[in-house]
Amino acid sequence: MIEKILIANRGEIAIRVIKTCQSLGIKSVAVYSDEDINSRHVKMSSEAYHIGQASSSQSYLNMEKIVEVALKSGADAIHPGYGFLSENADFADLCEKKKLNFIGPSGKSMRLCGDKMLCKDAMAKAKVPTVPGSPGIVEEVEKALDIAHEIGYPVLLKSVFGGGGRGIRLVHDEKELRQAFDLASGESKAAFGKSALFVEKFLPKIRHIEFQLARDTHGNTVHIFERECSIQRRHQKLIEMSPSPVVDQKTRDEIGQLAVKAAIAVDYRNVGTAEFLRLDDGAFYFIEINARLQVEHPVTELVSGLDLVKLQIDIANGKEIPFKQKDLKVNGCAIECRINAEDTFLDFAPSTGLISDVNIPSGPGVRVDTYLFSGCTVSPYYDSLMGKLITWGESFEESRERMRIALSDFYIEGVETAIPLYKTILDSKEFIKGDLSTDFLDRFKILDRLREDMSKEISEKTDAALAAGIIHSEFLKNKIKTQKDHGVGWKSQLGMT
Amino acid sequence: MIEKILIANRGEIAIRVIKTCQSLGIKSVAVYSDEDINSRHVKMSSEAYHIGQASSSQSYLNMEKIVEVALKSGADAIHPGYGFLSENADFADLCEKKKLNFIGPSGKSMRLCGDKMLCKDAMAKAKVPTVPGSPGIVEEVEKALDIAHEIGYPVLLKSVFGGGGRGIRLVHDEKELRQAFDLASGESKAAFGKSALFVEKFLPKIRHIEFQLARDTHGNTVHIFERECSIQRRHQKLIEMSPSPVVDQKTRDEIGQLAVKAAIAVDYRNVGTAEFLRLDDGAFYFIEINARLQVEHPVTELVSGLDLVKLQIDIANGKEIPFKQKDLKVNGCAIECRINAEDTFLDFAPSTGLISDVNIPSGPGVRVDTYLFSGCTVSPYYDSLMGKLITWGESFEESRERMRIALSDFYIEGVETAIPLYKTILDSKEFIKGDLSTDFLDRFKILDRLREDMSKEISEKTDAALAAGIIHSEFLKNKIKTQKDHGVGWKSQLGMT
Amino acid sequence: MEITTGYDIKMEFKIENQEKKLDADILKISSNSEYLLKIQGKEQNLKIINMTAEGIEFMLDNTYHFAKYLENTTAKMTLVVDGVKITFDKHSELDKIVYKNSGVESSMDSQISLKSQIPGRVVSINVAVGDNVKKGDVVCVLESMKMQISIKSHKDGVIKTMKIKQGNSVAKNDVLVEIE
Amino acid sequence: MEITTGYDIKMEFKIENQEKKLDADILKISSNSEYLLKIQGKEQNLKIINMTAEGIEFMLDNTYHFAKYLENTTAKMTLVVDGVKITFDKHSELDKIVYKNSGVESSMDSQISLKSQIPGRVVSINVAVGDNVKKGDVVCVLESMKMQISIKSHKDGVIKTMKIKQGNSVAKNDVLVEIE
C-alpha cells in the first residue's frame, strides 16, 4: 500500500494532491525549482526537495533527478499531476523500472493515447466515431495541402504532441496553411524536439464535451459523467461545467458508453478523460484521451461527491473501484473558472509578477484550488494557471449565482486576469440559456460587452472613488504639514485662507 | 416579493444571510453597534446603519430602533438570525404591524414554542412524547424541591427563556437545587427581566438529536433529516453532524414524522428545529422547538444540498416548498465544529481581544462561516461564537478526515479556542465509532487526553522551535550590531572571539 | 486634525480616457473621522473606518467602501475601489503644489520605442538595424509561459537601435527596438 | 552576514513546565541563508526562506516550518511553530547580554494580587476590605459574553485592597483585589 507519494509537479495541482494525501494519512514529498522555494506546495508537503533551475527542462521535466529524489526520500509512488511529465510514457516506464508506483496509466497505454494516429486506429476498431482528417502524420506541407483540398477548407493543423489546445491552428486557405505549417513545426520542435503534424476537418460551432473515466487493474470501467468545456480562448479551456446543458440522461448513458469503450480500447488504467466534439445536430466525435487527471476535475468531484485523487491512489494500490456505474448520479451542478495570469485585452498574453495582495473568495458551495497568497510570485517560467474557482449549486442557476458573487470577491493585485471577462460571460443571456460553443467569445462579441460592463462598473464606483481621492489629498497634506512645520497651519502654508 | 432585507443581527450569521441575499440579487441592510463598525457584516452589506451603543440592549435588542432603520432604508423584510430578537414574539408582531415581512414564524406560534409549558401541552395533544417533569412553571423553590423529590434526583433546573443550553442547571440534591434556583433566577432576571423556571428529570448518557423542519404558509411540512449535537460543554453544543451515527432510515422516517407533527401542533411557519433527547435504549423524547435558523444549519445544507436561508426567504414570500419529503435523500456526511473564543482549560471561560493573525482553512469539502479577519476584534459584549468550521465527505470517515486537517490549518492568534480539543475529540476511538453522549467530555476524560496530545505536539515541533530560537538570537544580535556599531564586528562587541 | 467649519476644498478629476470633468468638494469636517462632501453636485456623508497610506475604509451615505491607492503622481491617481480599478487624471492646483513639494515627477513616454507588453524570452529577431518596417510587421518573437508571441511594429519607420539579443529575457515595458 | 566557518554558538533552552534541558548549536553558517545546526545532538541543515522580526520560514532537513515570535524577554521566548505554541525558558549567557543592551526587562508577578483571567463586567462583589477569605471563596462575579462567572480567591488571607467597583469593566489580567 502506498505510504509516501512524491508529487512531480508544482502550483495548484501539487497542492490539490497534497490535500488528499493529508486526509488519507499518506506522506507527501514535494519537489521545487530555484524559482519555487517560496511556493505553497513546498510549505504544505511533509518533505520538499530542490531539483534544479527555474527552467522546466532543468527541474520539473528532469526525469532522472525526480526519480533520484523519490528513491532518496523513500517515496513508494509518484503522482505526476497534469502537464510536465504526466503524459510522458518514458517517465511512466522509468518509474516502473525503479519500482515506483506511477499513479496513472502504463507507459504502453499512454503511448497509444499520445499518438493521435494510433489512437484513431484503435477507435475505428472499437467503433468509436472520430473526426474526418488525414489518416496519419503529414510530414510535407504539400501533403497537408492535398488533404486540406480533399476534405475542404477550413481545416485544423494539429500537433501530435499538443494537448490542452496547444499546437492547434485554424487555417482558411493555402497561404495560411503554408505559414501555419512552418510556425507549428517550429513550436513543436522547440518544445518536444521534433515535429509531427496532422490535418483535421474544421467543424463550425462545436461544443467541447468530455467524459471523466476511471478504470482499475481488474478491468472495471466507469464514466463519471460529462464536463462541458466549450468556453475557450485560442483553443484553451476557460470555463468548464458539469453537467452539460445539452446532455440528458439518455445521451449521458450513450456517449458515456462510447467513452468506456475508448478506455478499454487503449487498455487504460487509473482516471482519465475521453474528449469529444459535439456538433449542433447532436452528433459526437471522439478526439482524444487525456491520460491524466484534468485541470477541470473538481467540477466532476462536486457533482459526484468523489475525491478523484483518492480514487487514483486506490486504483494505483490495485483496489477495485468501490462503486458501479449505476450507483453514480449527477448531484446538482458545478462550474469552474480558470484563473490565469493573462491580459484579456492583449489577446490573453501572459502577465507575471509579484502578487502584492490577494483575496480568495469563500462561502457555501465555493471551492478555490490555488497556489496564490499575498506576497507570492507568478513566474514566467511556468504556465499561467494560478488557480481555479469552482462553485456548486443545487441547480445550474444556483451554481452560476454563486460563481458570479465569488468572482466579485476574488481580488488579485499584481497581474491581469480574466475575472472581469468571466463576470460578463456569466451575466450573458447566451451563457444562461446554455448556447455554448468553442467560438463563444467571437460569436457573441463578448469582449465588446466586457468593455461596456467595465465602464459601467467604473461609473458605479465613481462617487466612492472621488470621495477616496479627495480624502487622500487631505491625508497627504496633513502628513506634509506634520513633517514640515509644526507651528504654522497647513492651510496658510498652501496659500489658502 | 422581498427585494431588500434588514438583518437584525451581527457576526457570522449576519454574513451568512448576506451571502444568500447576494446570490438572489436581494439588497441587504446591516445594522451595527458602536463596537461593530469595523465588522465584516457591515462591510459586506449593501447598506449599513448605526443603531446604538455596544451593549445589546442598546443596539441589537432595540426593537424600535431596528424597525425604524428598516423603514428608513426601504427594507421590506427582516431576517433575525439566531439569538438576539430571533425568538422574540413581540418583535415578530411589531414587524407585522409595520408591514415588514418577518422571516420566521408568527408571533403567536413563537409564543407557543417559547413557552415550554404550553408547548408541552400541545405536544401531549399531538401525541409527541416529552421528558417527565414539572407540569408548569415553578415559582417557589419549595415547590421545585417537592417535584424533584417526586421524580427523583438528579434533576435539571431550566429557564423558560433558556435556549442553546443557557439557563440549564444539573442538581444532585436539595442544597444544590436551592443554590441553583437563586442563581438561575438572577441570571434570567438580568437577561430577560423576569424569571420562570421548571424542573425536569435528568436522563443519564443521553444524545441530543434534532430534526430540521420547514413549513410553508400553505401547510406543506417536511423534515430535512436529523443533526446529532451530543458533543457539548456546559449543555452548549460544540460539535454537530448529520446524519447521526445511530439514526437509520427507519428511525429517521419515524422520528422525522414526530417532528413534522410537532411543527403542525404549533402551527409553525418557516424553518425551525425540533429537538429531541435519545436514551441509550433508543427512545426519543421531544424537548422543544427552536423557532429560528440554528447555528448548526450548515451540516443540514451540506447533506441536503439546500440553501436554508433561501428556503426561508421563499417561504416568507409565500411560495410553496419546492420539494416533497420523498425527494430528500441524505447525501454523504457533514460535521461542524463551533469555533468559540473560549479557554478550554479555564472551564471554557470567554477569551476576548484583538485577532492579530488568522488563517482560515479551505479545500475540497471545507466550508467556514466566520466573521474573523486579521485585525478584527472579538468583543466581550456579545457571545463567543467567532465562526463555524464545517466539512463534508462522502462518508463519515471522509468528513472526519477533512475536519481533522482543516482544524490543523485553522490558526487564530489573540484568543483561546477549542481547536486543540476538537483535534483530540476527532482522533478519539469513541468519536470514530460514534459512542456519543452529552457527557462525552467527562465520560472519556477528554481534557486529560487533550493535555497529553498537546505535549506530544510540542515534542514533535521542539527541534524546529529550537532552530527558530537560535536563529532568532542571531538575527537580533545582527540587528543590534547594525544599530550600534558599523565598524566593529558584533562578535567582539559581545565579548566573543 | 482640527474640527473646521466653513471649510472648502475643491478638486477636479477626470476618468482616464473619458472627457467628462468630475468634481469633489469637502464642505465640512465634523470630527476626526467624519466629513460632509459634495460629489458631482450631491451632498454625501463620509465616515472613515480605517485609514493608512495604502488605503481607506469608509462609509459613504451608509454604504461601505474600501479604496486602495495603487499609484499617485502629479497627473494621475489610480485607485481600486471595492475591487474596481479607476484611474483619474487630476486637475487641482492644490494638489500640484503638494506634489511639487514632495518631489514626485511625471515621466514622458517616447513614441520611438517599441516596448514589450509582456515579460518573456527572445526566441527570434526578424529585423536588423536599418531595416524598413511597416506597422504590423513582426519585429521579434517572445516566449512566455510556454507560448510564442509575435511582437509587431507599432508604426512605419526604420529600425534605429536594437535593444535585444536572441535568448535574452525581457521584462514588461522593456524597450525592444527603437523605430524612427 | 559574513560567511563564517569554525563558528560556534550554543544556547540552552527548557520548555516551560518541563525539566529537561535542550540545546541548540550553530555549527556553521554556509551562506546568507544556510546554516548547519546541531539540535539535541543531531546535525540538521537549515535554510531560511523568509525572515522578518515577526517570524521565520525555513526548511529544516527538507521539511518546511514557519515560526512566529510572539514574545521574547530575557527569561522566556514564546514561539508558534506550524501553529503549535511553545514557550522556552532560556539559559544562555549570550542572550542575556543581548537583552541587557536592548533594554528589555522582565516583570515579577506578585503573589498578593488576585487577577482576572477574563475580561468582563463586575456584577457583584462578595467581600470587603478586612474580610477573611479562604482559598476557593467567591470574591466577586463577572459577566462576560452573557455568562456569569464566579471569581474565587487563590489563597487564604485578608482582603487588603479592593481594585474594583460594581458595574466596572475589567480587562484580562487586571488586579481585582489584593489579599495578604
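Observations
Read from first to last, the chains carry the letters A, B, C and D; within each, the first residue is number 1.
Keep in mind that, in the parts below, a contact is a pair of C-beta atoms (placed from the backbone, for glycine too) under 8 Å apart; a residue touches a chain by one contact, two chains touch by 3 or more.
No experiment lies behind these values; they were computed from the predicted model shown.
With centres defined by CA atoms alone, the chain at the far end from chain A is D. Computed centre separation for the pair chain B/chain D is 32 angstrom, with centres defined by C-alpha atoms. Distance between chain A and chain D, defined via averaged C-alpha coordinates, is recorded as 47 Å. Chain A and chain B have CA centres that are 39 Å apart. Looking at chain A, no residue sits in touch with two or more other chains. Chain contacts: chain C has residues 63 touching two or more partner chains.
If touching chains are joined by edges, the resulting network of the protein chains shown has some other shape, matching none of path, cycle, star or complete graph. Chain pairs that touch one another: A-B, A-C, A-D, B-C, B-D. Against chain A, in their complex, chain D makes its touches with residues 47, 49-50, 57, 59, 62-64, 66. Residue ranges of chain D in contact with chain B, taken from their complex: 1, 9, 11, 13, 15, 22-26, 35, 37, 39-40, 42, 44, 46, 48, 51, 53, 56, 58, 60, 63, 65, 67-70, 72, 77, 79-84, 86, 88, 90, 92, 94-95, 97-98, 101-102, 117-121, 123, 143-149, 169, 172. Contacts from chain A toward chain C in the complex involve residues 166, 183, 186-187, 190-191, 341, 343, 346, 349-353, 357, 380, 382-384, 408-409, 411, 413, 457-458, 460-478, 480, 484, 494-496.
For chain B in complex with chain C, the touching residues are 37-38, 42-49, 73.
Touching chain A in their complex are the following residues of chain B: 19-20, 22-25, 298, 301, 305-307, 331-332, 360, 362-364, 367-368, 394, 398, 401-402, 404-405.
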